[in-house]
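Right, I'll just put the structure down here and ask away after.
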């Protein structure tokens, strides 16, 4: 085999190099200017993100363990952008809190290796690679969740995440072993041919499904979400809420649409049930939250429920709409988390009623927040609306009108709690509103990027058509 | 291939192990022992892979390979988990699971 | 830039300009200029329309079609017929009047006018769009600013009302969304491509089962905005809490989206569904008409009275639409316009009275005619127009509705019409009670001496609204013919 | 005949109204008074000219008074149904034109004196012009819808004028009452119109009334559909008559008329005596062929009876009232009842149609002397500043003109020859006698009562014992005296006009002869009434109270107008306001709204209830996790198949 084909792993290789570079830098940069490591990391990753957009052909490596297509390539770029924004938004926090404790580099190393895991997971061609990717993407995040070692809730979050993740992966491993038993192979391509509808397969599917459902935080596998988001550093929470969720959705779709095609009759209904449960539970819990992080955690649970409406379509349309929605969702959610980050960094306040009167002191921030929330709630003309609308279209095209109806009911419920935040920011005056402050460059950049995304992605229609074209490759 | 022992018995065994693990996970009060239960779950599937490979598809080694990787990952996982638990222990001087209930509702 | 898209662009430009304004003076000036331009465009459009119609007899004129989301066959299609032209004119006038009436918005003036104009954008867009998707987007754009407008600048239990209003309307639009998807996926019944284009879908005959299933969704989705009983409860609280200009725009324009949508989408695309569900919804509408009127008798808060009056009058619109004949539909459209102007006037006047006496409780008011002659006189005129006095638009509308309703061959419909007709007496009762209580009789307001007279901007705002009311009332022919001929293509589906 | 100039007759008052109404604050009172009078005068002259042209020059074509119509489409309902605006010139419309313009002119002149110094002077004249415009439009209407439109306008101008003293609560409520009661009656009118529109496909009087000369029956096929045993057209007519009854204060819609006296007296003279209140009569006359031919005049009978009963009823009440304007109001009601009765008993062809003629005749004469009575009463009130008999007496030496004119009017209404009332009333009784004996006797009795109550107040005002007036009453200024004299003259001569040649049901005209026996009876009855009044009220004495007692209950009821007001009050306040409106308002708040609320609150409640699930316990989560797996597995492996 010629090594040029390794270029198909360009993303992975470059990221690996960056990780190594950072470790080296950690060794050589003197103690008193450790701060520069942040700039370095963001710079390097920025280059990586940019380079990622260079074109790349499809191909398969290691006898099918690793594969890449236009879609996968595109999605890796999406993840990159997301992570890049997260880095921008957390730069100040790192500078002020983490670097002081000499833990700057590790943060990047961990996050990047988790991202590396995602890469492998989404371009995995067999269950072994998939499993490794999954674990590689999960474990570092657990470490990150527990990163603020001085905070008790942070360690608590870490414990909860690592243990439930272990349980999930254990269960899904058990499922995989069953699938292996019925199909005699762990390669997706071979499985797709061998697989047949029988109880063992169904059981395997269900067990396997839980592993990803855990990452996407679908009900009833979502319980860790809120606690971990609350305990973990905000940047980690936002990473969990968009990046790992997005990647998991991606691979789940690939598996369901290709490998488990024969079982569609089963998993359709499974998705149906889970989707309803997820939407309702997510919304009902989000209703009463006071802490912004928990609030966003449950809202993201609900969003996951909406995503399933696209998955249930089971065809190219569904795939495209879901990817599109995930893209939009990444931007919207990161905008919200970014604002939370900025405020909690300045004032340490994370509760909704701390935001009262925010508009009158910090109009820009609250506008960003409002856009983000509208996008999450699906109010036109911001991107979120289009994302949701297309998801519903995908579901309706298969005739799931009842499901769509219940979904729109949930949209209304969700609108209620999103408006609660807007109420706090705009309607209320507040006794002691958060004083006016200006964020640093990185944070501003991060927020501006997200806002651009929120506004442009919706109205700019060619993007969706592009995604739709790409998603042909996987079907 | 072990003479006189059919795959069913072994699969039953692994399933039992699996559920022991689950049971442990749900009932143990000590984080470490919960971790151990997770290991049990993992090992159940490790054995599964090997057995299935050996009994059903002896000509290729996919299962066996898989199991090796699982063992490795499980080790890493344990290490990480233990480190986090230790970190928790530093703060609250306990590794009881009931100590990790600050965040709820 | 085509003549219609300007209706969306100009408000947006105004909004952008507003972003850079410093204080109230600049903000209101910019807003006023923007709205004046819009009014000019609207008037110009009327003439342009007549000129165009002479040479081109397609259903919609000035149509433009831009592909948006290729794969879903979503287009940005715009076009107008006589009805949308009239509606655009209404909107332009009410918006301008609203700007005048809110001349003295002290708190966050910039934001206020921005939200107001965003609302206007949505309404304009809704009236010009022919594509269901675009229509829906504009629909929601029009609704959502209400939350801020009521919540920030409102009075009384504003947060509660704002939340209630937004949730009920958005819930309705959610139901509507399902209905639209249903139409979309049945739009290829004749083997064509899926489309959101209303005119295309109208050519397709959607299977009866689908129509039966989706008509209620579309109808209710829109009709909630038209205060259909029993989904009208958002409107009294909303109106009561909203600031004056917002009540004007909301009752005057936004609520019209309901009837308009029912007419454009539900009736046009799902005629068989309309016939199938006719009796059920007709009864609801008739209840709304009488019920609203009776509920209004009992209220003591000026705004509540008007809110319930609106329930009654807009109930009449839905009622007429369900009569499924040209005359009644003509009446429905004219009623929408007339009610738009009149209720806007009422809310403006209430705003002025409230601004001076600081109460809206009719038991605390009395004999204002003596101290506020202009407001008093206009109030009486508005009241008379509202209870359907000849010479004002209300009469034209109601007569069309009643005659149309009574032309219906079915006895049941005619009986319901008689029921609806009886509402005019009840209307007279509460209007006269109101006028007699607050305008006439002995003075009851304290601090009588220092009630300022109406200012120039208030007068301008009022006259803007009064002129069309009288114009329609005295010379209805041009309007009713313009609407009548535009209705023609829409009625076809229902007739056959 | 060219009728285009007739448009000017209503348009001039409209112009005056707009002129005065829009800048009521700027124009000086004196000026506005002149503007009003001049405008009215020109209309008056025009209508006189028109009448002359029609009746004596070009109206009569081969022995029949033709209808001249000029109309323009105002609004289209359907291809066939449309509202036209236009003028319809025929005998009754011209007769009404003369009545309306002349009375209106007189009232304008009178008001210049009567309203002097009132701060709403200009407003008053504006309203008067508005009313005149509406009334003229109503008179000239060519179709049902046009008449309805002006009908409503008349109603509103009456509302405005009754509520002219809008700071007086009583005036406000009277105005409200008048509007709402008539509005309710108009509801019937409107529904009637709708029925006509639906079943006949037209609103035009021309088409509706068209009579086939050969068969001598209605062209229009009224038997097409029937409802509850009656032709729908009959229902339509009855409902339309309901509207007419409302405006003309027939039972049971009469209650607004007495209260309407809250308005300034000239207004009462113009609107509530001479013109607006006879609109109902005019409406029936307008549709007379339909009323007559459809189902052999079933509807017409109703008209007759309603008229007869109202006249009797009102006359009885009038005797007991002490507010002179109210007495006049009830007398108006009773006289209009007369006219209705006359129409009701009338036939169509030739001398058959004497009732129709008589009713129009009486409408004409009554307008004159009743306006005169009101204006006279006005000048009395102007002098003593009170409406009540008890504050008056012996005024004849202070205000001679008023006295004489009032006397003339009283004689006229009492039906004493040769005054106008005698002739018209005689024709009415003739018609009644020929067609419906019972109504005839009622009519005669009412004639007597009329004479009695009219002279009761006459004596009460101008004779009897003098009261001590805080400042001695004096004769009214010329501006007020002139109209009195003019109208007095009319009241004397109007009876001599040979109406039967000009205004008849079939427009052909016929020779009317005095029916001496009937006339004699009527006159004697009238004289008796006067004599009784003389006995009772000429001198201050206690006879009246004694007899009042002897009537006991009847007197009490009559005094309280048979408790109609209380009845209405009960219906509106108790039934509509408390029994319907209040429950609906409650229902809206507590049921409809509460349901919507409930949905929201329940959602929040549920989310509160289930918060325990998120217990924060790692192992609960794990349990939920496994439970989820088991459930899914259970569902899809066992239940699904």
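Order as written gives the chain letters A, B, C and D; numbering starts at 1 within each chain.
Definition applied: a residue touches a chain if its C-beta (ideal position, glycine included) is under 8 Å from a C-beta of that chain, and two chains touch if they have at least 3 such contacts.
Just so it is clear, the structure is predicted and the values come from calculations on it, not from any experiment.
Enquirer: Over the chains that touch one another, what is the least number of steps taking chain B to chain C?
Expert: 2
Enquirer: Using mean Cα positions as chain centres, tell me which chain lies farthest from chain D.
Expert: The chain farthest from chain D, judged by C-alpha centres, is B.
Enquirer: A-D versus B-D: which has more C-beta pairs touching?
Expert: A-D
Enquirer: Select the chain whose centre, defined as the mean of its C-alpha atoms, is least distant from the mean of all protein C-alpha atoms.
Expert: Smallest offset from the overall C-alpha mean is found for C.
Enquirer: Between chain B and chain D, what is the gap in Å from one C-alpha centre to the other?
Expert: Spacing between the chain centres: roughly 98 Å.
Enquirer: Could you tell me the distance, in whole angstrom, between the mean C-alpha positions of chain A and chain D?
Expert: Distance between chain centres, rounded to whole Å: 79 Å.
Enquirer: Determine the centre-to-centre distance between chain A and chain C, using the mean Cα coordinates as centres, and give it in whole Å.
Expert: 43
Enquirer: Using mean C-alpha positions as chain centres, tell me how far chain A is from chain B in Å, no decimals.
Expert: Whole-Å distance between the two chain centres: 27.
Enquirer: Of all residues in chain D, which are in touch with two or more distinct other chains?
Expert: Residue numbers touching two or more other chains: 600, 611, 614, 616, 618, 622, 626.
Enquirer: If you look at chain B, which of its residues touch at least two other chains?
Expert: 22, 25, 34, 100, 102-105
Enquirer: Give me the residues of chain A that touch two or more other chains.
Expert: 159-160, 163, 167, 171, 226-227, 288, 416
Enquirer: Which chains touch which?
Expert: Touching chain pairs, listed by label, come out as A-B, A-C, A-D, B-D, C-D.
Enquirer: Can you name the residues of chain A that touch chain D in the complex?
Expert: 159-160, 163-164, 167-168, 171, 199, 202-203, 206-207, 209-210, 214, 219-221, 223-224, 226-227, 266, 269-270, 273-274, 281, 284-285, 287-288, 413, 416
Enquirer: Tell me, which parts of chain D touch chain B in their complex?
Expert: Residue positions touching the partner: 611-612, 614-619, 622-623, 626.
Enquirer: Which stretch or stretches of chain A touch chain B in the complex?
Expert: 127-128, 131-132, 135, 139, 142-143, 146, 149, 152-153, 155-160, 162-163, 166-167, 169-171, 173-174, 176-178, 180-181, 184-186, 226-227, 230-231, 288, 294
Enquirer: Would you tell me which residues of chain A are touching chain C in their complex?
Expert: Where chain A meets chain C, its residues are 320, 374, 379-381, 385, 389-390, 392-393, 396-397, 399, 401, 404-405, 408-409, 411-412, 415-416, 419, 422-423, 426-427, 461, 464-465, 468.
Enquirer: Could you pull out which chain D residues touch chain A in their complex?
Expert: On the chain D side, the touching residues are 600, 603-604, 606-608, 610-611, 614, 616, 618, 620-622, 624-629, 632-633, 635-637, 640.
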